[in-house]
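Chain naming follows the written order as A, B, C and D, and within any one chain the residues start at number 1.
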Amino acid sequence: MSPLSKHLRRISTLAVVAFCGLLAGCEGLPAIGVTSSEGRDSSSDLMPGTSNAPKPLSPLSGKLTITGSSTVAPLAAEMATRFEQRHRDVRIDVQTGGSSRGIIDVQSGLAGIGMASRQLSPFEAGLTAHRIAVDGVCLIVHKTNPVMTLTDEQVVAIYRGQVSNWSELGGADLPVVVVNKAAGRATLEVFLNHFGLDNAEIKADIIVGENQQGIKTVAGNPSAIAYVSIGTVSAEVERGTAIRSVPAGNVAPTSENVASGLYPITRPLLFVTNGELNDLQTAFIEFAQSPDVTDLIEAQYFVPPNR
Amino acid sequence: MDPLVQLSESVSGSSGPVCEPGIAPMLETRELSVTYGSRRALSGVSLAVPRHQILAIVGPSGCGKSTFLNSLNRLTDLTPNCRVEGSIRVDNEEILNADCDPMTLRRRVGMVFQKPNPFPLSICRNLAIPLKEHGCAKSDMDSIIEEAISDVGLWDEVKDRLNAPALSLSGGQQQRLCIARALALRPEVMLFDEPCSALDPFSINVVEQLIASLRERVTIVIVTHNLAQARRIADQAAVFWQRDGVGTVIESGPATLVFGAPQDPEAAAYLSGHCC
Amino acid sequence: MTRLRSAKIDRSVAVVCWVSAAAVCATFGCLLIEIIRAGYAEVSWEYLTSRPLDAGRAGGIGTVLVSTVLVLLVCLAVSIPVGVGAATWLSEFTTPGSRRARFVTGCVNLLASVPSIIFGLFGMVFFSQMLNLGISILSGGLTLACMVLPIVIQTTYSGLRSAAVELRLGAAALGLSRTSTLWYLLFPAATNGVVAGLLLSLGRAMAETAALLFTSGYATRMPESLLDSGRTLSVHIYDLAINVSGAESRAYASAFVLLILLLLVNLSTSMLAERWLRTRQTA
Amino acid sequence: MSPISLRLSILSRRTVDLIAGRWFCATAVLAASIVLLILVFVVREASSALSDIGVVRFLTDDTWRPTAGAKASYGIIPMLAGSLFVTSGAVIVAGVPGVLSALLIRFYAPPFLATIHRRVIELLAGVPSVVFGFWGLVVLVPIINRLHPPGQSLLAGILILSLMILPTIALTAEAALRGVPASYSSAAAALGMGRWATIWNVSLPVARRGILAGFLLAATRAIGETMAVVMVCGNIVQVPDSLFAPVRTVTANIAMEMGDAQAEHRSALFLTGLALMVLVALFLIAAGGPRRSEVS
């Protein structure tokens, strides 16, 4: 055997050992197929701050499944974690997959609560919506774009394809790249509603799915214009991404303005339920609408609803 | 005269008794024909080999010699769409019947190929796996392996490295290993498909003598292109020929007669080297 | 004359090979540098062993790693026996080109082209709901197994087919049964193909998001059994990159860990396969 | 010579063979039935679109606008075209470097470098598609944008996808080349053939079937890929008129809209998935044609 391959062998052996160590390092790797209370405890030991969590408030117990919008899911998961810390016998599983999945699962009973990042449609009349947070939608352009404000008429003209060059709006001589959202997206709906547009008349150059994709698209293209969630924009601007938000009307797209109701283009983030609620559902929805979770909502760059 | 022999004569048109009257041949085919899909490769082959004799099969390439050999241990089963018709009897037992187990048959009818084909395993395992497969007890294994390797004169060359890869042996050694592998299963018949054509002259000599000496315990069918070799070792001989695109036997009988006084003009020309 | 030209072609092909390989490696290097630059600073022992906090912006990926490994184990435990079995049937137990063989091959090829999100929705309905496995590591692993099955079958089949004809003939001539021929001769000969398939499947399985989002789910707590929901690394990466504002560096850190994990798994797999082959060839 | 005892072992061997055969057959049936199950599932989900909207509209409507109420249109031809263009482009672009990589590993590189290159390719196979997508969006799209706006385009999709399927092509080709018996190439060498002549005349033709199978696998992988394509392709529903034009593939469409789709829209999305599977099946049948004649 050549010395080289010997070395390689040694390195790879080390690597395997390291891998095993890594697995062992995840404390409390539980016995598979055995539901042990030990496993639970060790997993919560992993969370700092468990010790100073408040004592259980009531003897709630049981399991609650929440599915739906991927926008709401990170927030709901954080709320669920905090709720579980307060009620040790409660277990809340948050699953994602889109607003429609949430609504379908609630209708079929697979989920106790659904998450939606859009208003309920007339098809979904039997369901109850619980508003847990609000999200604003704002227009963004590239950081280097000299156009600072756009009137509603200008936005409509851009999205209808009647303005095709930034120079017509006082910007550089660059063709406007119009970024639109995919059909069915909540941000698309509120954008269309606010500007009185019909999706069919929009002349888009690019269609994106998620907020992040819109932001990356604009950050990489000096002549692009898109609309995305305000929370995402604040997070990205903090990180120094090359984008800038554009005020709607005369209202600056800030969380404060969304919270105060001044900012016009918003969508609700909802919990959706079907029929009578049990204790656990009621308790969790009350918890999600209480001031106890305001910090969590803000940490996800959303706005707590006006109460 | 034996009715079987009469039949084979009338078909092959050749002369001379194949077997002593009254003694059943070890291996016998009657009206054997083989087709691949719609193409007939072999037709009307009737041959018989007495116990402990060597049948040498000669003939130009592509006249069905290997096909004939493959049908004798039903290796033809492996080829899709291959049909074998007629009768093949090994020790008076029909092997084309459905109830004949091909695996058992192949233990009884060993085969060695043109190209040495040891498995890419150790020398020892090359013999051990087939033995184990056929139910040899672990306790007998070592002695059988040693005996078989000794029989082919390889023992002194490999006894110190039985765990070495078989592919590290030379070509002649590999071929002898393949013969040992077949011999270890105690076959009654051995088929050799041009066993020497991939070997060097020295190895040819060794292997040829080995085959000739095996006559003591097994009945042998050997396909060879080497007419001199066939003359040296054969007791019986058959000349295969392609007629209308189909392989058949044009001359068969005791080796002395076939090589000494062939009846068929084409066979005569081929055997005297005036052909092709 | 032609010799010279042939040598010239050989040299230029070598150059082209090197250039294209360099291009592939450079592109990958570029990607890797991006991942490391954006994510390396976040990786620490702490990060590898604790559970995600604040939607993944803080804490680590310990529980996610455990779920990932469990999902992969379920996936391989199912896809390898079934895939190798199906490939063996196609290669050894039926006539290649026969109607049955063509039907199965066609189905498998069609399976390879099913969009992963459809796998996810199918897995959710079939495994989670109809077989009542719930949103769980088991459902996720089974769905992944369906996804990688075509890769395992295809590569194993190629490996078996590449075994020399002489090997089969030799084995048959010695009266070896099909099972013995497979076990002693054909599987070792096919090992390279199987390992290539294994590594490809591992990569594919580790990188899969959409199918797992709907089946093994989103939960970040330590799984207590295979029937628990557990978030895998790629789902975690996807969530951090797409749904959690300001967590991009964390997403890259997770991607970095994923690649390291994959490298380790690949190295150990090929090492084990090599060792296995060597012990088979001798002794 | 002592006779070997046989009877007992034969029976058990036969049983083992029989059981093994049954097991292998069962796994094959299982493997085949998965796709049939998926087909049943997709057809069930798509049935309301099939009955309410009808296949004809899917084939004749000129654009995809499923949420426009009374003015809704359901044309999938542009998206099917998009899928086809992106996939075939990626296979063409990845094919050459993929096979060349395999050649390098197998014939040209010293073993040490060959191993490293293999490892790199194996790692490439495990990069999550969302990372590919992000990287494409951040690095590749701006470059293309400078050549020809808007950057998110058919070309970007082809390039990113080719990077993703290259490992499949390279690793399967390498495995196929490795399966070529060494005796073949030594025979060629014995004929005085150079390295390239051996590769071209012996190794590649012998390994052809395996390499082509790898291409097929890669193509099916490409056509099913979602996340990365959504990120870099621009997703405009149109039959692209140039490499720089944005396109939307069937899978990108499903991924973008499924999460928020309701009722009819959701069913219509499943129908597009079904259409894609039918297209691939037709392609496979067409590709299977010549293979059959080769056998007989």
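The criterion applied here is as follows: a residue touches a chain if its C-beta (ideal position, glycine included) is under 8 Å from a C-beta of that chain, and two chains touch if they have at least 3 such contacts.
Predicted, not measured: the structure shown is a model, and the values here were computed from it.
Core chain by CA centroid proximity to the global CA centroid: C. With centres defined by CA atoms alone, the chain at the far end from chain A is B.
The chain pair with the larger count of C-beta pairs in contact, out of B-D and B-C, is B-C. If you average the Cα atoms of chain B and of chain C, the two centres end up 48 Å apart. Taking each chain's centre as the average of its CA atoms, chain A and chain C sit 30 Å apart. Chain centres here are Cα averages; for chain C and chain D they lie 15 Å apart.
Of all residues in chain B, those touching 2 or more other chains are 103-104, 107, 133-134, 185, listed in ascending order. Under the contact definition stated at the top, the residues of chain C that touch 2 or more other chains are 177, 180, 241-242, 263, 267. In chain D, the residues that touch at least two other chains are 13-14, 134, 138, 255, 258, 296. Here, these are the chain pairs in contact: A-C, A-D, B-C, B-D, C-D. Every residue of chain C that touches chain B in the complex is listed here, in rising order: 95, 98, 166-177, 180, 184-185, 188-189, 280-283. Those residues of chain C whose C-beta lies close enough to touch chain D in the complex are 3, 6-7, 9-10, 13-14, 16-18, 20-21, 23-25, 27-28, 30-31, 34-35, 81-86, 88-90, 92-93, 96-97, 102-119, 121-122, 125-126, 146, 149-151, 153-155, 157-159, 161-164, 177-180, 182, 192-193, 196, 199-200, 202-204, 206-210, 233-234, 237-238, 241-242, 252, 255, 258-259, 262-263, 266-267. Taken together, the chain C residues at the contact with chain A in this complex read 45, 48-51, 53-57, 59, 62-63, 65-66, 69-70, 120, 129, 135, 213-214, 217-227, 229, 239, 241-246, 248, 261, 263-265, 267-268, 271. Against chain C, the residues of chain B that register as touching in their complex are 73, 75, 78, 80, 102-107, 110-111, 113, 115, 117-122, 125, 129-130, 133-134, 163-165, 178, 181-182, 185.
Listed in rising order, the residues of chain B touching chain D in the complex are 37, 101, 103-104, 107, 131, 133-137, 140, 144, 185-186, 217.
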